[in-house]
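Please find the structures below.
Each of the next two complexes has subunit A plus one more chain, namely subunit B in the first and subunit C in the second.
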Partner chain A sequence: MLTVFLGGLLIYGSFDFPLWGDPAAPASIHVSPYYIENTLKDTSVPNIVTAVLADYRGYDTMFETVVIFAAGIACLFLLRTYKTVEPDIQLYRHIPTGITLRIEKGGKFPADSRYFERLDSAWVPYGLIVKTTCRLVIPFIQIFALYVIAHGHYSPGGGFQGGVIMGASLVLFAIAFDLRSAIRRMGERVIMLLATLGVGIYAGFGILSMLLEKNYLDYSVLANLFAFDPASAHSHGILIVEIGVGIVVMAVMVLLYYILASAGKNDEGL
Partner chain B sequence: MNWQIELIILAIVIICGISALSVKDLLSAAILFGAYSFMMCLLWAIMGAVDVAFTEASVGAGVSTVLFVAAVYQTSRRTKD
Partner chain C sequence: MVDGVIEIIVSRINYWVYIALMMIGLYGIIIKNNIMKKIIGLSILQTAVILFFVSIGAKMNATIPIIDHPNASAHTAISATHFINPLPHVLMLTAIVVAVATLGVALSMIIKIYREYNTLEEDEILPQLREDK
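Now for the complex of A and B:
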């Protein structure tokens, strides 16, 4: 009832919007022509969306990044449990021979050595085809993610999308192999450091431009630092910022998957 | 121009949304939500917002479906209500 009322209110409010593609809308009269005419001159970036997102509206994008970072930290605080209950039966694999050992409670668990590898307790033998396919596909997905981040100036894409694709490749690895080996390669500490590093790249670049006597996130500082013309300085500034965004988004996506798939224990699951 | 295609996609969006809310199986709801996101992505692309379409395809249809499936894996698959 309340939902229908609120939905009706929103639809009623949307009647006051200008029509889609209306040339007389305020945004089309005042805002858009400036960007369309000056983006290439100011930033030498053909994709206007990227230029608006990362340069003209750099504050918005920075706080979007901070929101994603804060969401990751909130999920970590809410869902992560540090109390680990070891199951009675643990499975280990002897790596040189490939034999799986099943050790019940009271038995002696092998210490962390390079000959024994801990397996999930709900372990099923994964198919060779899935593993091999993922091993082949994952590098290409990661290359595509880097391409999306770096080529966001010229084609659709940018830090957010590229970061998500990069995170998705790591999630694919965690699904195709198991969560334990994914966490062994890229632990929680590394992920949080990466997320902080990404926000740090973005915000630190703004502080750098303040230290060099420009406005916060004014990318033309690069023109003074290196011998760029101002337009390509903006272009390179956008690239730096997009890399920061991509690192944050990748780290938060992987962190969310780890927490959700293992019910907060970050050891085994899915 | 292509208003028939738009109409069909819009209908599929609405059907996917309503059925994702009403279906009892949580895993089907997650997959229906993925289909919803993909159809929304097509709509964004038709309207010319390619960046938004790209984001919708990667975040909505890709990663969030995986996160939903991972969350359903930890609970029971059927809802009570």
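Now for the complex of A and C:
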């Protein structure tokens, strides 16, 4: 009832809206023409979205990054449990034969080798096709992610998108294999270090420009440091910041997956 | 008369779709008892807002906000009417990623609630909350 009333009210309000695609709409006559006309001159970055994101609105993006970082930390604090209760019965699979071993407490557990794989639930099929396909595809996904981050100046892309793609490749690994082997390759400590490093790159770059007597996040310091012309200094500054953002987003995506998939226990996962 | 009505519909149909989506989300948040469904409603509402912002950025006869031949056009003036408004795209770009991160926090809270009360139905959680007092 309320929603229908509110929807009707909003539709009535929409009659005062500018027409769809009207170039003279109020949203596109104040600050955006400045961005469109001056981006190339100020930053020598053809992709206006990237330039606005990381240069003109640098503070906004920095705190968005901090929000993502804080969300990752909040998840960690809400769910992570450090008490590990080892079950009495552990299951292992002998990979060449496909036989599942059921080892009770006191028995001898097989050493970590590539012939044995630890299982948590009774029936987990061994997905050879899925694993092989993922092993083939993941490197290409990661290269594409790096390309999206690095090429964000010239084509649609940038730190957020590239970071998500990179995180998705790691999540794909964790789904196709199991969470244990993903955590063995990229532990929680590494992820937290990466997330902090990413925020540190962004904020530290701002502090660097303050130390060199410019405003916070004023990328023209690079012009003085390395003798670039000011416009390409902005371009390189944007790249540094985007790399920081990409690292944070990648780390937080993987962290969220680890924690949510195993409900904080970081064991086998889904 | 008919042409006028059609013009009004065509020029505003996108807003109406977003309003419908937003109301579906709001309905989910208000009416549904299950917390998971509330979060789905919240996501639908978020999507409606994101789509609305992106459609604000559209301009007739304009292209994506990437300057084609940077070296050639460095000397010629770049007209704002040839490129769509980049600002909503920037805002929504960050909003989508933040939406994912906050969704993660919401889901972890849901897992926590489920562990505590063994249910996600609001009308079953509330009596348990009163008993605890």
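Following the convention adopted for this analysis, the second predicted complex is superposed on the first by the 216 of 270 C-alpha atoms of A that agree within 3 Å, B and C clash if a C-alpha of one lies under 4 Å from a C-alpha of the other, contacts with A are read in each partner's own complex, and residues count from 1 in each chain.
Just so we're on the same page, a contact is a pair of C-beta atoms (placed from the backbone, for glycine too) under 8 Å apart; a residue touches a chain by one contact, two chains touch by 3 or more.
All values reported here derive from a predicted model rather than from experimental measurement.
In the superposed model, A:103 makes contact with neither subunit B nor subunit C.
By the touch criterion defined above, A:61 reaches subunit C but does not reach subunit B. Of the two partner chains placed by superposition, only subunit C is touched by A:7; subunit B is not. Of the two partner chains placed around the shared chain by superposition, subunit B and subunit C are both touched by A:49.
By the touch criterion stated above, A:197 is placed in contact with neither subunit B nor subunit C.
Touch counts on subunit A: comparing subunit C and subunit B, the chain ahead is C. When both complexes are overlaid on chain A, the residue A:134 reaches neither subunit B nor subunit C.
Touch criterion met: A:157 reaches subunit B, while subunit C stays clear of it.
Of the two partner chains placed by the overlay, neither subunit B nor subunit C lies in contact with A:91.
Using the contact criterion defined above for the overlaid structures, shared-chain residue A:27 touches subunit C, although it does not reach subunit B.
Residue overlap on subunit A between its contacts with subunit B in one complex and with subunit C in the other: 20, 49, 53, 156, 158, 160-161, 164, 253, 256, 260, 263.
Residues of subunit A touching subunit C in their complex: 2-4, 6-7, 10-11, 14-15, 17, 19-23, 25, 27-28, 31-33, 35-37, 39-41, 44, 46-49, 52-53, 57, 60-61, 64, 67-68, 71-72, 74-75, 78-79, 154-156, 158, 160-161, 164, 249, 252-253, 256, 259-260, 263-264. Those residues of subunit B lying in contact with subunit A across their complex are 47, 50-51, 53-55, 58-59, 62-63, 66-67, 70-71, 73-74. The residues of subunit C lying in touch with subunit A in their complex are 8, 10-12, 14-16, 19-20, 22-23, 26-27, 30, 55-62, 64-68, 70, 73-74, 77-81, 83-90, 93-94, 96-98, 100-102, 104-105, 107-109, 111-112.
Subunit A makes touch with subunit B in their complex at residues 20, 49-50, 53, 156-158, 160-161, 164-165, 167-168, 171, 175, 253, 256-257, 260-261, 263, 269-270.
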